[in-house]
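Both complexes shown next keep chain A, but they swap its partner, so chain B is in the first and chain C is in the second.
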Partner chain A sequence: MEALSILHSSKVLPEYPTYEIRQATKDINDLHDSMERKLKEIPDDDATAKPEISASALIDHYKLERSKRVLYAYHDERCNRLERYFWRHGNELSESFQTNASKQETDYFKNYINLIEEYSQNAVECNLDITTTMEPPRELLAKLRVIEDIGEVYLPDVGSVNLEKNSVHYLKKADVEQFIKAGKLIEMGS
Partner chain B sequence: MDTEDYWSIDTILAEEQKIKCSMLTSIHEYGHLCEAGKENLEEGDKLEMPLWLAKSLYSEEKVDIAIPKFFSTSFRETLAADSTIVLLKDKCNYFYENATILSEILKSEKLKEIIPVVHKAFVERMRMISDYAEGESEVQNNNMFIRRLCHIEKELFVHNKQRIKETVNFKQQHSVQENYGAQDNSMRKPGKRVRHN
Partner chain C sequence: MEAKEETKKEQEEVKGADLDYGDEPEGENPLIKKMIKIILKEREIPEILPYEEETVSELDTIVKEQEEAVSEQETRTANENFFVMIYKTEIERLKFLLKTYLRTRLFKIQKYYLYIIKHEKADLLSKAEYNFVANYFLYKRNHFKECFTKDLYDSLNDFVEIKEEDAVPHKNAPVSEDLVVQPSLKRPVFIKMNCDMPRVNDFVMETKENLKMGEIMLVPYDNCKDLIEANVAEIV
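Let's turn to the complex of A and B:
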């Protein structure tokens, strides 16, 4: 529960709480065993014979369901954050995400990228990269400032462009989307 | 907020709110919920339990739920008098969510008096939140104001501020583009470098 509160109040991906998750899983198993033990005490032919025991088993059941819901919601939110990261920043996880994600989450991220790539290649007929131009452009060309030296790049519409630090260019955003996502180019006036 | 959404973290956290209940039946084990070291829960025992457990046991007629302190008569009177001065977060961070959940499960006559007060408070406080979001108040004042807000109000305040900022940006860009039409735009060619610092 504490891990869920921490995740909720944080905007990034907190460290994966391996110990707490293992403890929560163990508690779920214990609750299941406790519920089974109590149900065995109730005679098969009369379910209402021991109401105080069946009520106790009912609490076990509610607690078990609650713990499962907390665990599911926790992992679902972490997966959503990894997916959102991909759409905002591309397929290279930042250092903090890499450190804080569990191995399974890193695998999930890789598999998610593979799935998007597979979809782009096979399902989209007009050979469109679905990861670019996430926002509709206001103009054909965007005014972009170079934050980090990129050097000479070749762009399909304009040919060779030297993207050196602090220079400003009018370019098609879709052509340089990878640099914008990596934070090397920023759109001016946005 | 959808109080029925299984995956909603806000709903999960809201339902952690401790609620006073009294036992309608005896329950084996779980005496520790009432006091440390007690083995079984007895009929008539009074105890606090999280809302998620209380509402499940209430539906099975195992417990009776008492109207929480944050809906007490004195607090309702304060809310009705001037809801904008109340430090709602200190009373209950998920005030409106819990009001919704309780109103759905309890059939108490008392709740009929509570819901209109809560509704009126929400509308009044929303007006206050909109006024604050539009104001050019200092950051420190904003922080002091935010401390008065419960969870959903804080979210609405942040959203409001963001939308106002976006509207201002949009209007500025629009006026720049209008002016730009009158100027020479020969420099706006693809790949043209326009400035080098």
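Let's turn to the complex of A and C:
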């Protein structure tokens, strides 16, 4: 529960609380055991025979269902944050995300990228990358400055380009959007 | 005059495909206008709408043909290059419309993936979207399993283990209804009346006057769903 409120108040991805999650699953199983024990005490499934035990078992049931929903909501929200990260910053996780994400979450992130790529390739017949051009294109080419050495890359329209630190290029924005999202290229005059 | 004709000829050569922008601005092209309306509708309406196969495929074909026509022009004069730039920019704009539509749907599909599966909405999806939702469901289920459901008793697992051959979305997918996020049909939407209509019960509750053509209102989606479907009103 505390982990959920930390996630709620944080804008990024907080550290994955392995211990708390293990504890929460253990509590859920314990609640289930407790509920089963209480149900066995009720003769012939007649809830009216021992109303105090029936009520207690019902409370256990609601508690475990609630805890389970919290766990699903917690993990689902973390997945959503990873998905949103991909759409905003591309397929390379930042240092803080890499540190705080669990191994399972890193795997989920990779699978999600592959899923989007697969969808993008099969959605329509023309060559379309749905992860680029999030804003309406104003001009075909943009004046871009290289902030971080990228090296030589092949671009469909212009062929091979050496994206060396501090160099300036006129390039099709959609072709290099992954570098712009990752902060390796910036649009000049924007 | 001759120069003008020559320019027009070059323009047609580069254009190649049958996308006729004429002298009208982009927004006036009926197909583009239609696509913008479709995107707007998909974005504003809370529930997932049927995939617009025909319009998407028409636009897709145009983009594909335009790209082929532009790439075929290998040696160009400076004048031709200028038109190629214009056409490439236009292709990017058309692609942006396609991308926006596909992304809008994809985000909705992600949000309501369990609802789509449990309530048999898969027929509203394209083939690619159907494959996406099927795999998205599996990845999410496996992720929850790896993170915590493997440590719970089997009877407490809401994503019950299913056989590989059943691992496609269908209404009997073993997922607890508690986890299903449903589209909020009460969400208000802006609509514009396409024709006059007498006051109808259960429609805009506080309005007593007749609804007039061109009138714009903010109403809960489930109150105006039928009007939108019957094209009496449209999303704005």
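Just so we're on the same page, the second predicted complex is superposed on the first by the 146 of 190 C-alpha atoms of A that agree within 3 Å, B and C clash if a C-alpha of one lies under 4 Å from a C-alpha of the other, contacts with A are read in each partner's own complex, and residues count from 1 in each chain.
The definition used in the following text is that a contact is a pair of C-beta atoms (placed from the backbone, for glycine too) under 8 Å apart; a residue touches a chain by one contact, two chains touch by 3 or more.
Everything numeric in this text was worked out from a predicted model, so none of it was measured.
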- Is A:Y72 contacted by the first partner chain B, the second partner chain C, both or neither? both
- Message: A:E83 in the overlay: touching chain B, chain C, both, or neither? Say first, second, both or neither.
- Response: second
- Query: Should A:P136 be classified as contacting the first partner (chain B), the second (chain C), both, or neither?
  - Reply: second
- Task: Check the residue A:N111 against both partner chains and state whether it touches chain B (first), chain C (second), both, or neither.
- Result: second
- Task: Considering only the touch criterion stated at the top, classify A:V12 as touching first (chain B), second (chain C), both, or neither.
- Result: neither
- Message: According to the stated criteria, A:H32 is in contact with first (chain B), second (chain C), both, or neither; which is it?
- Response: second
- List the residues of chain A that touch chain B in one complex and chain C in the other. 69, 72, 76, 172
- Can you name the residues of chain A that touch chain B in the complex? 1, 4-5, 7-8, 38, 51-53, 55-56, 58-59, 62-63, 66, 69-70, 72-73, 76-77, 138, 141, 143, 155, 157-159, 161, 166-172, 189
- Once bound in the complex, which stretches of chain A touch chain C? 21-22, 24-26, 28-29, 32, 64-65, 68-69, 71-72, 75-76, 79, 83, 102, 104-105, 107-108, 111-112, 115-116, 118-119, 122-130, 132-133, 136-137, 139-140, 172, 174
- Message: Show me the residue ranges of chain C that touch chain A in the complex, using the header's touch definition.
- Response: 56-57, 60-61, 63-64, 67, 85, 88-89, 92-93, 95-96, 98-99, 102-103, 106, 110, 126-129, 131-132, 135-136, 139-140, 143-144, 146-148, 151-153, 155-156, 158, 178-179
- What residues of chain B sit close enough to touch chain A in their complex? 6-10, 12-13, 16, 25-30, 40, 52-53, 56-57, 60, 62, 173, 176, 187-197
